[in-house]
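Paired with subunit B in one complex and with subunit C in the other, subunit A is shared by the two complexes that follow.
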Partner chain A sequence: MHKLKPTTALGADKPQIDQFDGLEIAERPDFALASLAARQGAEAQCAELAKAHLGFDLPAAGQGHLADPHSGFWMGADQWMISAPQASHEDLAAALKTAVGDAGSVSEQTDGWCRFDLSGPGLKAVVERLCNADLTSMALGDARRVRLEHLGCFIWCLDPGQAVAILGPRSSAASLHHALVGAALSAL
Partner chain B sequence: MNQINRLAGGQINRAKELSFRFDGRSFKGYEGDTLASALLANGERLMGRSFKYHRPRGVLTAGSEEPNALVELRQGNRQEPNTRATVAELFEGLEASAQNAWPSLRFDAMAVNDRFSNFLTAGFYYKTFMWPKPFWEKVYEPIIRKAAGLGSISFEEDPDLYDKGFLHCDLLIIGAGPTGLAAALTAGRSGARVILADEDFRMGGRLNAETLALGDASGSDWAAEALAELASLDNVRLMTRTTVIGAFDHGIYGAVERVQDHLPQAIADKPRQILWRIYSRKAMLCAGAMERPIAFADNDRPGVMLASAVRSYVNRWAAAPAQEIAIFTNNDDGHRTAADLIARGVKVPAVIDVRADAPAVVGAELLAGAEVIGTEGRLGLTSVTVRLANGQTRKIKCGALAVSGGWNPNLHLTCHQRGRPQWNAELAAFVPGPDLPSGMTVAGAANGQLSTARALAGGATGAIAALDDLGISASAIDVPQAEDAPIALKPFWHVQGGKSRAWVDLQNDVTVKDVKLAHQENFVSVEHLKRYTTLGMATDQGKTSNMLGLAVMAELTGKSIPETGTTIFRPPYTPVPMGTMAGRATGKHFHPTRKTPSHHWAEEQGAVFTEVGDWLRAQWFPRQGETHWRQSVDREVLQTRKSVGVCDVTTLGKIDVQGKDAATFLNKVYANAFAKLPVGKVRYGLMLREDGIAYDDGTAARLAEDHFVVTTTTANAVLAYRNMEFARQCLFPDLDVQLISTTEAWAQYAVAGPNARKLLEKVVDADVDISNEGFPFMACGEITVCGGLRARLFRISFSGELAYEIAVPTRYGDALVRALMEAGEEFEVTPYGTEALGVMRIEKGHAAGNELNGTTTALNLGLGRMVSKKKDCIGNTLSEREGLSDESGLRLVGFKPVSATEPVTAGAHLMNASGEISASTDQGYITSACFSPNLGCSIGIGFLKDGANRLGEVLRAANPLEGSTVEVEVVSAHFIDPEGERLRA
Partner chain C sequence: MMIDHPLLGLRDAQEFTYLGDASLIDRPDWQAENAQEAFHDYLYLRDNPAGEHRELWFHETGDRSWLVVTRNTLTHEITKVELARDVARARGRSK
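== the complex of A and B ==
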């Protein structure tokens, strides 16, 4: 076991949790991320091998899948983001690459992103002041690429109308968090 | 002061009396009042001074189209100019002041302008202030601007918050009058997602202002009932105080919601206004119509109002503009006004109707075929002069005149995408044309359907049709019985033959005479007319004046009104505060901030930060006793070259390139070759633009046959990635290559200096061989550090020293920098910032952004041979252009001052040792300069004509901006270790 101590995207030892009347914003450093892109001509093979490893079909455009331990969402043409608990899957990228072999390209993305989970009945009112994702049209697991606080982010439906994960660039975590809190204070 | 003109009834809450101040005086009003209605109820007709002539002005309308009653609302840093009193909701303690008046509204010294009106006609300043020429900018214009104008700003920072937001719906209904309500009920009951937006704080539109019945109920009661039902539907969002300001592409509408403008105190953390972007699948414009005035002599006197506004004030707000109100009309609506006033006990001395066959009036004298030819009263109307049908004149005493010249459909939003309105002769008005914004339909009065019955029917059927297009089935609603009076109007725009000026545009002080002058001087196009006279400009955008101006111009040119045309309607529909446009992106939140993995640690060290794009990077790390940045930077440079230094280089772009054609792809995007780069090696690479100019440099490390990590400069990280993605998708779609940014995923530190290896050996795991043999210059590998953490190591050097870049997952970046500093204690390791980084790269002669400045080629940079001719790459062919391949062209070289104490200045231009200093004798320029603590003098690098062949020559570095010229010697750009022995050590 190595001796380096991790910090959260907000630079603290423990994840930040903010409570509002109708919403909780929780920093979630406990998820590993890896991008998967199908190699040209090997799309079907990549989908098959990925399914065997992850346990679900690679999602179609705009969609995602939530399960334990692996979850994922569509990110672009023949490209997906795969997620799993960090504690048990810190080697997510390596394991996924082993599974898909030359049929897919895998990049570790765990610390490319910060993740904030927003949950509660006030979710819609807050999200509509943040980005153009239409929560009403998002089913479980659906994900949208959005611009939020001038940042390219993903919004991922964890519980329709009730909970989403927002993934944003890690270096801008403080700005993103500021925007989330500002919107919650504004809307709730 | 008593509310002397307050009537009984109305839709105001008399249980809640409100105190307010206007122009330094105290008044009372009620909840539900606007500032204008409350002032009228208090007998105040004078509300402002006009733009140019400072003429007394009162309220003309009861809505957002108001040109006259502009006030400054609130005080201090919340002062807002040009607020329309007609839409300013009254609240307890409201403070409003008149604008454009001095010393007071009632006595305005600047009203002297009116005496000189003959000299101040349209375009007067273009003609009058011609000489002397320099006076225009410094003397004339400032004086004119001070004398004329609208409100003033406080110059204080706006303390309020503004939000931006995004809404989605099946059907956006713009306007909640009878049409909008009928549409909303139809759509709401169908289950469709509906947004109903209205700029008023009370929905219902004209239903609240008229006495007409809908079925068995009054209009306002029917509206209230409809709104109650709509409020109970989860699929309907009612947005009051929300103005849809623009129709944009693909069914997207801009809307401003005024969240707190009506509140006495701002609520902490809540926005004052929200700028919504509404994504609609369909939209219905149900914005109604606006009544238009008739121009006649002195028609701008306080008390001269639109007839519909008079009905609004009397019926909705129970505020009579005066005790006696005459009517001047060309249509039956004027008669409706008379009936309403009489029913409310207001005396109507006469109904002056231009139509000889005007219908009879009960309770007031009808003057058919008559025209108003003048008005009297200093600060408010006291009487009007009427020319009767028989040619005689008669003076009629009145405190207000309700004018109706017909109605213009409110079609602005239909034209926001260049749609052109069509002329409707029956209405004598423009109606929406066929080229509507995508997804928009228009219903009700906005579509020229001016009766209540047709408005209701149009709303209901319009909603069914709009939803049907979306595959949503909606049922017809029971539309109540309502008036369906035909249009009875005689087109009549202005009264001929008056002695005084007849005002067309009250906000800009444009008269019929000004329009005539424009015509006389050949400004006959409507666009020229607008710009020459200022007709239709400023906050109201001519909502009540444009038609009148067109009609007068049409009359003068002998053309019809549709032939004369209209000006272009552009967003926003009503004025929007700049703060609302900015939203939360203000001050330090103007853009997001990117922090490096070592940011918190660097803060602990007292680092001074600098902005590099969105990044905050440590610029230098001052130590105790250091009082000047140069001391810190010199120390960091010297210590790094002497022992070892650590610098956070996470900000460099990192792009993961994978795929079986990854190497082929890199061959195409880099000027130099990468296909044969062995696994485990790094190569410096140069990227060209398509025009052959160099735009970015960096490295590519080959981690596997099908896996590279490309690094870019910090500044171009996004650009390079975007260009590579474009190349992948569009230029070389047949290649199997996948890209993704990993800039943020890895914390990366440069460890540089003769002791770099020794330091790293204490951090990397024991089984990793980083000896010079095992891990030579330009090696790379995936390793483990600190007991098993996955990491990447690159032996590359920007400083020219023995150097590595080590990367770990970002969450461990903070821990790694602490581990590196701890391990380096025995070597007296120093952190170094971007300044020291810059000094060392200049000492080494490495190009950076100053050299890759968008004008330079690989040849200029001394890297001409990197542009491989054995393969093709982006920019290759165009880099061979004659002008770019001059052998004696600019080359990157170094410069030292002849006198060691003199500075070398970046930006200085190089001149020969003697001769003229001018652009024509320019030999090149210095791009980067610094003080080199190793050389003990200032040094620089830059581009010099035929530079490679001029080493040793003395030139002058001219800095004409600062008036200095320094003699410099041309030297190699590699000041330190030109043979590269250190970095290979």
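== the complex of A and C ==
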């Protein structure tokens, strides 16, 4: 048996947490991710099977759903990202695939992304320096794909105007973190 | 410039990349008798209208959907935006 040691997206033992006056940036390695795409002609069946497994309707365009254990957001036409705690749902993708069968295509996404949660009253001032997302128009659970530090990222509303999760490509986690910290230092 | 995305509403044009004439959807049948001639025309011949033009745009930093945008090349007014998926399927493609 190999003695493998898990590391966070930033390569450390523990998740990085940065505090600013009015904002906390917290690395979140504790979420499993899987993408779900409804197959052509099986959209209704996929929605039904996914709802039975996840406990909520697959979100409409631009929207999302936050709950325990499963959360999710709309990524594109007939495509969603599903998230759940890593500790209890390491097999998220396999379980989702079993649930939707041939009605949907499921891909493991956990190791493709890194996640930073931004929270605090300074959120808007920081996010408006980083990307196009209009925070005031985002309701609880809403998600947008944006370009942030030249990276395709998702911004996911955890608490309207107060907290968002930013999901970016894991291989560029350090660049994304650098951009978030840079914007916080500049704005706050 | 803003593009009225059929699913997401008004989005800034900087989120999109432009491909070209929407007639690119009508890819010829590669097994047809006249495939060589048809592909020559498909690849090299384009109308260049001063006025209404249907074109393909990609929502690269958005939901990554392809759109067919009807734009007036003289005024840049956008009169119609459709999902390319719907346009292609209406023409019997993407089955």
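What we mean here is this: the second predicted complex is superposed on the first by the 185 of 188 C-alpha atoms of A that agree within 3 Å, B and C clash if a C-alpha of one lies under 4 Å from a C-alpha of the other, contacts with A are read in each partner's own complex, and residues count from 1 in each chain.
To be clear about the criterion, a contact is a pair of C-beta atoms (placed from the backbone, for glycine too) under 8 Å apart; a residue touches a chain by one contact, two chains touch by 3 or more.
Keep in mind it's a predicted model, so treat the numbers as computed, not measured.
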Contacts of A:Q162 with subunit B and subunit C, given as first, second, both or neither: neither
First (subunit B), second (subunit C), both or neither touched by A:S119: neither
Touching partner for A:R147 - first (subunit B), second (subunit C), both, neither: second
Broader residue contact with subunit A after superposition on the shared chain, subunit B or subunit C: B
Partner chain in contact with A:K3 - subunit B first, subunit C second, else both or neither: first
Partner chain(s) touched by A:Q45 [first = subunit B, second = subunit C, both, neither]: neither
Contacts of A:S186 with subunit B and subunit C, given as first, second, both or neither: first
Which of subunit B and subunit C A:H178 touches, first, second, both or neither: first
Partner chain in contact with A:N132 - subunit B first, subunit C second, else both or neither: both
Touching both subunit B and subunit C, residues of subunit A: 79, 132
Residues on subunit C engaged by subunit A in the complex (per definition of touch): 7-8, 12, 14-15, 60-65, 83, 85
Residues of subunit B defined as touching subunit A within the complex: 161, 163-168, 193, 269-271, 274, 277, 279, 584-585, 589, 591-596, 599-600, 614-615, 650, 656, 658-661, 706-707, 734-738, 740-747, 784-789, 808-816, 819
Interface residues, subunit A side, partner subunit C - complex: 61-62, 74-77, 79, 132, 144-147, 152
Residue ranges of subunit A touching subunit B (in the complex, touch as defined): 1-9, 11, 29, 35, 37, 39-41, 79, 102, 105-113, 128-134, 136-137, 149-151, 169-176, 178-179, 182-183, 185-186
